[in-house]
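Across the two complexes that follow, chain A remains constant while its partner is chain B and subsequently chain C.
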Partner chain A sequence: MKENFFRSMTWMHTWVGLLVCWLVYLVFFAGTVSFFRDEVTLWSKPELHSISKPPAEPIRIAQQREQITNGIAYLANTAPDSSRWRISLPTTREPQLVYAYEKPRAEGSKRFGGWQTYIINPETGEATAQPRDSKGGNFFYRLHFDLHYLDARTARYIVCFASLFMLVALISGVVIHKRIFKDMFSFRKNKGSRSWLDAHNVSSVLALPFHIMITYTGLITLIFMLFPYPALTAYEDGLKGLFNDVTPTNIRTKSSTQSAPLVSTDYILDQVYTNWQSADLTSFSIRDPNKASATVTVRASTADLVKDQTPTMLFNAVSGELMAQSAQELTTSEVIYDSMTALHTGRLANPLLRWLYFLCGVAGCIMIATGCIMWAKRIRERMKKDQTASFGLKLVESLNLATLMGLPLATCAFFIANRLLPVSTVQRADKEILAFFITWLAVALFTLFKRAKMQWYLLAWLNAVACISVPLINALTTKGNLVSYMLNAQWALFSFDLVCLVCALLFILQAKKLRTQLSPPAPNTRSNRVTKPPLMEQKG
Partner chain B sequence: MSELLQFNLCLLAFNCFALAKFNHYRDVFKTRPSQKQSQQFIIVAWISILLSLLLCVVERQGYGVLLFCGYMALSVLLLMIFYSFKASWVKYISAVNVTLLLLSGSYIAVI
Partner chain C sequence: MYAQSINKAPTRNPLVRLKMACKANVYALCVISRFSAAIVGGYVFTAVFTSLLSLILPLSKSDAVLLSVSLTILIYSCVFIWVFAIKSLKTVWITILLTSSSCFLSIALLKGWL
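Right after this comes the complex of A and B.
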């Protein structure tokens, strides 16, 4: 225990933060990218770029009835015997209309057979070319809490543990930051570790409500995994019972072999629009079509309500009777849980709020990065000239370089692989992910041997080149480029390329800054020549 | 347009908070602020930030609070950049800020 409260808090902030900073950086980085999950997925499937943005709300909603009716007819012709049909309607973020059916399951298997999807251009009603196999933004979304190669449950426990540490670090950070409002706009450049501390403080303070909100709600989204005991006590079938209770549309009817015709789609949609006037539907799914047990699930958008649970209605697809619908009035605890999930995912956000979320996410990444760099820098400054670095310091420096510079490079490798891998490659999506992890591993191995300023400098240039390559390779391998996206008002694609170029510019600035620190000062004094250590050996 | 008004109010508020501080005021105007000036800046800042929050909440409820947090982050970032790297530009930025505030406010009042 330290001698006073302030010192104890400082000690806790340092060590709690340092212990998980690289993992939290990965979680923040991937989470920040996945605020634009749909846009990244759209970019990674150039076959969908020709589909223009759906019209504004009243016209789009008016078209939905026709799209659903056409979809049912299409699926009835294509897969009359499938056990599930799904029609996903175009939205402003996902402009394509999707008709899908479940592929036949393996003999005797109860496992889901996977979706066979058809992408339809909503303007023409024609099927477009099948898009390339890519996870796109979904990879980053899953990565930020499933950590990809780990078992999902284990990974989520690890991420929760790291989030808890992050929350402790945030709160202790507020306590130890005595001049939190006085230093709000202060950044003292070229002042060594003082500048790093300022950058750490500013990036923490400018988005402090966001940092606390995103960390706390992140824990809340997984609360039933962390703390299932009330549900296990109250329900005989545990969490399943709880979820069925709060989601009345989870009813599963027993599959029947008896055939029965589907009720008219209009009859169901009339009921939907009577209950929810001007509802913006997102999907229309049928389970067991053309069977006596057939059910229809209709989902609508939550629009900009701070609410995550999708408004859903469940109908008997043979009689058209409404079987269940999502609760209109939620209990206080449901409202709290649901709104916290909505706040965390940011699915409610319009483009302006989405960009603000992104900005705050970037601030979070900077806060973590500056924190871990500062730790190593301060230890280096305290070391005597002839003292060799400890194993711990070397490890932290390696991890800093590998994570902070390796992750952006790996992300670029993922996008470059998306454009360069042949479309016909088997398990193409997995190969893109492999490119991501191989690049990151290569950087990590590189940092094991050298982690001086020169290596930061090299990786800054490598990142700059990789960031420029993404829009460049995109322009060379697809019909679109930054200019055409701007002229055609394809703002999601334009922004993607622009962000890559901005990142490239920032890496160039970083490299230039490092270059000035690497170049030897003019040997104008005797003391300069004698006392300065070799610059290549100075640590970052 | 209402988003522009809300953001400009937020930016004005943080700018006033910054100018109420001795070192930031000196960086911009090359003189020290009087006690009265600092107090006036703080009063304007509080009115402006509360007005921004009020407009956000009245118009968009819970969603508005999220927007407001985003506006705060963006305002602080912009001001931090200007005060740290281009303090001489703050006067012009403040003028643009107030002009946009008046224009967006007038537009909303007229429409």
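Right after this comes the complex of A and C.
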């Protein structure tokens, strides 16, 4: 497009990147938080904090057996007529045991009625207090690809195209980067947009394999929506045919109204354990219980395998006969596809690897943030003294401030709302989300008027205060706090509070840095020697 | 008069201004055309190419589909970059249209639609 390849790629990198950077920032931010989805959900439900983690191997199997048997008895007692029962077993990341049944559907409706859940403390076998209504980590998980207030399909298309742009920007970024190794170690302080470029390079290059992997595999997770055509061409019945082919347990028996007793759960579990010794079961669900068409689906954890498809067995719940089982050995193509999804979701990660995922995600956020700041800085530096900023530049600067500083603040608002909203509030979960978006909107409106250094400075302080207040309010409103979490070895909760404090510290550093820039020359004048980039936004 | 001569003279001349506006618009149109070649053209090409791939790969049906689906993004992003790397916009459009239609034709032949 330009005179030579190198310049074409530079041009493309700039514009493709700038076009989607704010959306991709949101996606990266929410995705990074979602690596700790279960932990964040746990944090947002203090009623579950007292439950301790499930025991290790030999005890676990006996305990899971007992939990399933008790659960079936409980559900048979509570909801014998429901069309679905589910028992979700405790895991290290979600320590609670859940019994659930489907609420009766509306008259004549085929739509799923929603789950009625009972949360059980696995140690005592008794129901815990109903935890507060909150989406917790699931909000960020959904925000990551469904955005919000948007039709899920439209949102996913938007996110897909933004990710594609991101991937293209990453590849062209490598192409235009001549000294990829040397730049890994260079950071020139206090050199205006040059410093921002260095920060951009360091954060991109250090985690480059992660960035490319996560963007590519992210697109793969939604690939059947984006590119259904190969399946449509190869199969007469399209995607349905493909899915039935690759997931043998995808069988639906026709519901019957004739009643029939359930086979004993032990009979089914014996078969499960003969096939999978020491399987770590995650769920046991029954469709049409007490009917002639009843089926049982047993799922096990994939543990730390690079595998996304959960090992599943499907039984006839009346005769106890095994109807289908997920493939033990995957073909090469299946492995390629499946491992990519597994790498993206990171369910395979042990705590250390999970932190690495998280840190790489943070590096991604920094890469995007420094990229969009750099664009604005460069234009500012090239501007002549008497020139006024163009509309485009003002827009980019506003969006930068609103997104980069608004998102962490909104996240803090979400967590503060989680602790401060009364437990009995109607539609509580939605109100937490409303707090998130209202805060973000407020920041965005604020940036409409001014977006100079002073505003960055103010928002940095605001963010610092918000980050500190999250663990503070948590300590005041719940029984736990940073110290008690450490003493009780509740590391998920401890880390949550710690991350908040670290973010607060970073925001204070940013504010300090901005202050030194603000004081000597009068605020709002932009000299050419802009100082070192303040450490940008971090996860909230 | 004096003031006018100080001002940048060419922008005052309506004819020159029109020419400049035209030039700027042509540039904008070129950029739009290139982006649509990359986004839409790339999408169409990838869709037909991988569909063809899923038919001709010597694997079982589900394996062929999964493999070609896994490659879609790689192909799409390569096409995307290629669109920006080529200097002539005409070459870009002609190549995309020709390759896509020949892929589609092959699919039609293989599936016996013709």
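The rule is simple: the second predicted complex is superposed on the first by the 517 of 540 C-alpha atoms of A that agree within 3 Å, B and C clash if a C-alpha of one lies under 4 Å from a C-alpha of the other, contacts with A are read in each partner's own complex, and residues count from 1 in each chain.
The working rule: a residue touches a chain if its C-beta (ideal position, glycine included) is under 8 Å from a C-beta of that chain, and two chains touch if they have at least 3 such contacts.
Here the structure is a predicted model, which is why all the values come from computation and not from measurement.
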So if we stack both complexes on chain A, do chain B and chain C clash, or do they fit? fit
In the superposed arrangement, which partner chain does A:S424 touch: chain B (first), chain C (second), both, or neither? neither
Could you figure out whether chain B or chain C reaches more residues of chain A? C
Looking at A:M12, would you say it contacts chain B, chain C, both, or neither? Reply first, second, both or neither. second
Using the touch definition from the top, say if A:D245 reaches chain B (first), chain C (second), both or neither. second
In the superposed arrangement, which partner chain does A:V205 touch: chain B (first), chain C (second), both, or neither? first
Per the contact definition in the header, classify A:T257: touching chain B only (first), chain C only (second), both, or neither. neither
Write the angle, vertex at the C-alpha centre of chain A, between the C-alpha centres of chain B and chain C, to the nearest 10 degrees. 90
A:T233 contacts which: chain B (first), chain C (second), both, neither? second
Quick check on the superposed pair: does A:L353 touch chain B, chain C, both, or neither? Answer first, second, both or neither. first
Per the contact definition in the header, classify A:F187: touching chain B only (first), chain C only (second), both, or neither. first
So in the superposed three-chain picture, is A:I336 touching just chain B, just chain C, both, or none of them (first/second/both/neither)? second
After the two structures are laid over each other on chain A, how near do the C-alpha atoms of chain B and chain C get, in Å? 18
Overlap of the chain B and chain C footprints on chain A, residue-wise? none
Under the definition above, what is the set of chain A residues touching chain C in their complex? 1-2, 5, 8-9, 11-12, 161, 164, 167-168, 171-172, 175, 216, 219-220, 223-224, 226-227, 229-235, 242, 245-246, 331-334, 336-337, 340
Partner chain A, residues of chain C touching it in the complex: 34, 39, 46-48, 50-55, 59-70, 72-74, 76-77, 80-81, 84-87, 107, 111
Quick check on the complex: what are the chain B residues that touch chain A? 3, 14, 17-18, 21, 23-24, 60-63, 66-67, 69-74, 76-77, 79-80, 83-85
Chain B-facing residues of chain A, complex: 181-182, 184-189, 202, 205-207, 209-210, 213, 304-306, 339, 343, 348-349, 352-353, 356-357, 359-360, 363
